[in-house]
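Two complexes come next, and they have one chain in common, chain A, joined by chain B in the first and chain C in the second.
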Partner chain A sequence: MSFKDVLSPFTAWKHLFHDPVSIRNPIGRAAAPRYRGFHQNDIEKCIGCGTCETICQNGAIDMVPVEGIQTKQGDSGLRPRIDYGRCCWCALCVDVCMTKSLNMSNIYTWVESDGDAFRFIPGVDKKPWDDAAHGYRRPDDHQLTGPTRLREHMPEMEPEERIGSFAEIVHGYNVEAAKLEADRCVSCGLCVATCPTHMAIPQYIKAIRDGDYDLGVALLYETNPFSSICGRVCTRKCESTCAARHEGDAIAIRWLKRHIMDQVSDEQIKKVVGQPAAPTGRKVAIVGAGPAGLTAAFDLAKKGHQVVVYEALDKPGGMTRFGIPEYRLPYDVIDRDVDVIRSVGVDIRCNVRIGQDITLERLKSDFDAVLIALGLQDGRGTRIPGSDQPMVRKAVDLLRRVTAGEDIGTPRQAVVIGGGNVAMDIARTLARLQKKQYGEVKVILTALEDLPHFLADADEIKESGEEGIIILDSRGPQQVVIENGQVTGLKTWKVKAIFDEQGRFAPTYDETDEQFHPGTMVVEAIGQMADTSLLGDALTEQLAWQRGRLQVDAGGRTSEAWLWSAGDMVRGPDVVSAVADGHRVAASIHAAITQGVQQ
Partner chain B sequence: MLDIFPPDRTQYPAKKADGTLDIDLTSGKYLKLWQGPNHPGITGNMSVELTVCGDEVVEGKTHVGYLHRGFEKLMERRTFIQVFPIVCRVCVPEPDFNEYCYAACVEELAGIEVPEMAKWIRAMILEMGRINSYMMYLGGQAGALGQGVIGQWTTYVRDLMLDRFEELTGARIYHMFILPGGVRDTLPDGFAGRMEETLCEVEKTLKDVYDVMFCNAVFKKRTVGMGVIDPSWLEPYGVTGPNARAAGVAKDVRKDSPYLIYDQLDFEPVTGQNSDIYTRADVRRRDVWVSVDLIRQILAKMPKSGAVMAPLPNVLHWQIPRGETYVRGECSRGEYGYYLVTDGSGYPRRINVRGPSYTHAMALLERMIVGCNISDVAALMVSLHTYPPEIER
Partner chain C sequence: MRELYARLKALYPLGELTEQRKNLAFVTVPAAHLRDTLLHLRDKEGFTHLVLLTAVDWLEEGQFQLTYLLNNRALACDLGLRVLIQRDTATMESIHDLWPTAATYQRELREMFGIDFPGSPRIEEEFILEGWNSIPPYRRDFDTLKYAQEAYAERPGRVTHDPETHMRLQMYPGQHPAGK
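The block that comes next holds the complex of A and B.
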């Protein structure tokens, strides 16, 4: 201790002459640009996926309905409500927001006497910081929902290889790739709402992550006995609403479904599916062994009813077998799904045409309920001049013949009319047959729509192009040109508009832009319709119809109490919708035939 | 202990056969007195149950639990990413060590390699936090002996540093910036310049603090020779950090087992000899200078660009293989560590936080406090630099 120690403390007095360091008005102080202040949400951008709610470790976020926001495909209609009594401003909600709609402002203070005001819906309940330009935004490389936004690569055949055969193009994921793809899922469930049959998608994707394939199969069979088939050819509306697509690729839900089915043996699937309930003594006849009919058969058989399915063709599967080419859906895959359906006691009788071999009246008297699920077997025609020629064919008819192994008289040059998946199927089938028979592909596909509005999958269009098929968009068919009684090609005009101002189908053409597409066969693939002749004149007269389709109630029951109808013939063409319809109609039939019966 | 007023040992309680003190409160010789839990002289919420004889403490029992929030248990109920926002709350004045230790544990068990840039930013944040923690201590230590002005000055520079935290991390107190995989963002534009201004201000304040607090007859009278931690106590009590370094032991995790980028920095652990309150305060004051220098070194040596986050799996269902690890670092109070056990699920099986305050505040204080004058208890408690929130996790 020294004299200095006595004097030195007095140097503190020099601060008397310094300006004060405190901020005069801390309330009005602007925070740093990346400050994590109060939440902002762009409710138009937000899809209500609820990932913010999932990650919030405080339970501060609830997804709630908001007036004026409708639930629609890809949008749950819910928006996050934040409770500032719980929030810790960690911003994990911002970090995992799938649309980048949720952000934080850099506003520093908020004074409010009403305690309830601190629980609010950002973007809906107006707040002073709604328009703040700065605040925490997720940095670009700060990514917590998986290392990549891109879909796991699906191994498949190269174009040169696949055009030479009808072998399946897509090889399917291996376990490792499937796990990586499954890891990208945020389990929001928007897909479940979109799927016609509401498959438990996040749950079966979790089963893949956990490697629990038996659970995966059980989850698939809860809603879809056609999972091997849907895993290959589903129209996958789920993927179009996937939250992941907002910043990258949608999760490959269809391929993951297929992966589960590929991983489990037939015996194990049958074991997981289990045995039906005790027999009820009720009998149900189903006409048509397509997805709708067989789904209903599966459900009803599981409940203990005796189910007989009548199929006019020689093999079950309906349009999945006779409409979809083998390179997309191998026949043994169909056999596999059908085999499981058989294992629960469904009796499928092929080569029985109702109306010819057995009458519908007979089914009515022999069974407690009858379901007709005929599908859309007949192709629609263009009715343009020359379309009555024998070498002008319908796509569904040709595809059925190819499946049956018949010779369709493959032309050296063919023109396909249509821009949907069926048009792609027949064009690519013809291309393969041409390659096999003549060594070169000469198929032209013309469609009314322009390329961005094609009804076919983008993959189909891309792969068709790779296989040498020439795709001409916005071309309206005008005439099948015939010389010496032989088809030589198709004349088309450029399409100006497909629909009129009221949105009705009324194509207009630019007649000056005419093209001739050479081909010895013209294939029409512009839509299908049902052949309901088996109903007979009297029943057709009795039944109620609506715009050419059988009128059914929500459960698929027609105006005749004993008769139900399901599938494409009432819903339009799509496998998964037919499956969903099969479930609905099975529930309705079950309710009707067990009415008054003690369970 | 000052020898001006030697205590009258005849007044001391006798020991019973089992070694405990024979204190008869009805005798009128002793008084039970609670220091805390809301005493302004202690840094946070803990209390010491004092038995005094006159103004001399004959027995002290530490009581904790006033701040218990059960963090370690809360963590077991959260996914790995959800743990990240709550770890910082284990220690309020220096939260970043929790973030770093937890992140490093997770990275080790999940096999994640942190980008180089993130390591430098992490080290800088830890040093910034260290300065803040010491500033809080210096104010508290001076305040416990009646020097309010020091606290005002150190709070001022601490606030400047919080401004730097705010612009870098987006928050002032709980930064939630170091997360498994790296850090959230890069340095903002012009950060180094503003940091240099802040460091200059820190240095200026340190000089003032030295003149007014350390070259101060009153402060020296009350702290020199007071509250000595005998070097032989260091091992059995697990004393680390400045408390150990003031006893002449150059223990510093940054040097002993360098983490992050500390092996690329040039510094020496600060030590003292006398192990009393004054020496401990002085070691901490000099340690601030080291931290100031380290931040300058980091800003000069760190890469100019680069990723700050390693690619993580989807954190919503992040599972970490079975394993266990202990990660430690040198915080302002000593060795800070996290022990993490994982069982292959999406949740930590067990997390144990090893904070230096636990050992310093509870067992060590009970021993040191005996024989202390009641007016020095606050200064003694502060001199151990303990943070009760960190005792009670």
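The block that comes next holds the complex of A and C.
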């Protein structure tokens, strides 16, 4: 040991009176701006989709209800609660947040002696870092689902090509494209509550990812025997609450449903759907072979009841066949869904008009229960001056006659009143007929609403425009102009407001802004109503009504114990809502007619 | 970098050169030629510093990719040598005799990826994972969530809710539950 070795411990003493190099208190030192610290969650933006919980590799996140946050369409009402005993600050939860509501502040120090305090709901349980300006945010170009749906794989006919015929416009996805689109789904399930019939949407999308189409069909048929039809024309409310729409386009749920049905053969579908239960000996009569009537028929037949469906027209399908044009919904697609419904034993008798061919009384005595699902087959009129002329038509009448193959006397120039899907349907149907007959499209469509508030699907509006239909918004019909007994056009005023201060329908107009739209036919497409004349005077009197509609209970039962009612005539026009109603009513009928059996 | 690549290519069977930046490039070399290439770079081309040694798990291809990143101080540029080895055997020749620091990297790779470097000092000893009892955690078939759930106890009082089920119970209780 040298002298230096002995002395060296003491040389450190020379630093005794120097300023320390180390930091006395590291707590309180600001972290880097993008440091990953305690979470921040904008609970107004958060939709409770649970993607953060799913991605968390430490099982640190729970989705919990929060007082004051309501469960509503597109928002589960749940919010993430984080257990910081498990969080490893990796920020995967921030990277996959669909709404960008979840972030991380750069605050990473917090002293608290109670361990449970380190489990809290960011944004709900107030913390000092809630408003911290810095921290980790999801970079703008990091998007889990990709901003756009696969449009390039959903080819459509070009406008010039499609206007010349009634062929289906939209082709389906192929397997590869469907998988890619299915991959965009995060399986949060927020859409299920929005779907009127609560289809197992995340599950059937997963079936596409897994390539298990039999499972897909089984899942579709659990809730919807009109899946080929809904896969094309559903109002797809589900897509309006899809979590992916916070990043860009919603998942193409409707096209994916269609894809499953397109992939599986008729025989295989019937095999998956299976055979009905053993006969119960109970009989149910259903009037109207539309979505509500046939869905109820399908459910009841599967339970072993004998079901007879009476249809006044020559083919089943109701409004899906006689209301929706062929270019949106080809007739063989309807036949396909109906055929599966028949395969479980449903007896559909067309060209039988109840009230004329068979009385309702007869059905009442021959069957254990009767369901009327008549639909809304009569068009409403505007009742403006001149609207009683023969060349002023109702859209639903014209659509029905076109489907039946009748000549409707296609006008060279037509004016359509209405801004809903039916208005688009008749305008585009007339355009096709004009193109065929005269080689040019001359259709003007006028609606009370301004364009952003049209009731029609955005695709319909866009495609109508592409097909040469002139759409005039905020125009109120005032008079059908008649010259020498012939319709020559429609006079409209500019709409100032549609509703009054109480929100009631009471349009007001700017009379100085008057326009004349030439046309030899004016078509009213402003809504439909039910023709309930088959009930007869005595029964109509006997039944309870509510604002013009049959009064029914939650199960669709009328005030007469033997009679149920379902579909558009009860719920308003919508295919998938009619399907949902068909299920509800079938359950109610089943419970009622098996009551005695079970006892 | 291109000139260097041309010179090396004349000596060793190299793969394509990937130029990340002007002063950073990567090249693949067969495992059998790694030592020679490293020695040549260190002693003849001025790449005297081993910046790092790391790995990538190409699970689907059944391979591990080792990356030996070297630095030339004079030229201020980095060259990465990539070596692909079989995932099932997961063994590679040690280079601790070329750079002593390599022993530490190799010990880490052994622990995190399960790649063995026979003869490397203290290779058998635990590095940072004390008492690890599962497959090496950086292997891609390691299920992090499953391990976390099994290895770490839940704090009492935790409960979670599935959004779809919660919405059904809140908004349409009793109606035909779809799918589930």
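Note that the second predicted complex is superposed on the first by the 565 of 599 C-alpha atoms of A that agree within 3 Å, B and C clash if a C-alpha of one lies under 4 Å from a C-alpha of the other, contacts with A are read in each partner's own complex, and residues count from 1 in each chain.
The rule is simple: contacts are C-beta pairs under 8 Å (C-beta built on N, C-alpha and C of every residue); 3 or more make two chains touch, one makes a residue touch a chain.
Not measured: the values here are computed from a predicted model.
J.: Which partner does A:Q57 reach: the first (chain B), the second (chain C), both, or neither?
T.: Touch status of A:Q57: both partners.
J.: Contact-wise, after the overlay, does A:C49 reach chain B, chain C, both or neither (first, second, both, neither)?
T.: The second partner, chain C, only.
J.: Please work out whether A:K4 is in contact with chain B alone, chain C alone, both, or neither, and reply first, second, both or neither.
T.: first
J.: Using the touch definition from the top, say if A:T223 reaches chain B (first), chain C (second), both or neither.
T.: After superposing on A, A:T223 lies in contact with chain C but is clear of chain B.
J.: For A:R86, is the partner it touches chain B (first), chain C (second), both, or none of the two (neither)?
T.: second
J.: Per the contact definition in the header, classify A:L144: touching chain B only (first), chain C only (second), both, or neither.
T.: first
J.: Considering only the contact definition stated at the top, list the common interface residues of chain A for chain B and chain C.
T.: 57
J.: Can you name the residues of chain C that touch chain A in the complex?
T.: Residue positions touching the partner: 144-145, 148-149, 152, 154-155, 157-164, 166-168, 170-172, 175-180.
J.: Which part of chain B faces chain A closely enough to touch in the complex?
T.: Chain B residues touching chain A: 78-79, 81-86, 89, 149, 153, 156, 163, 166-167, 170-171, 174, 176, 184-186, 188, 208, 211-213, 215-218, 220-221, 307-309, 311-317.
J.: Chain C touches which residues of chain A in the complex?
T.: Checking each residue of chain A against chain C gives 48-50, 53, 56-59, 61-65, 71-72, 76-78, 83, 85-86, 115-116, 119, 188-190, 192-193, 197-200, 202-204, 219, 222-223, 583-584, 587.
J.: List the residues on chain A that touch chain B in their complex, please.
T.: 1, 4-6, 8-9, 11-12, 15, 21, 31-36, 51, 54-55, 57, 88-92, 96, 136, 139, 141-148, 183-187, 206, 209
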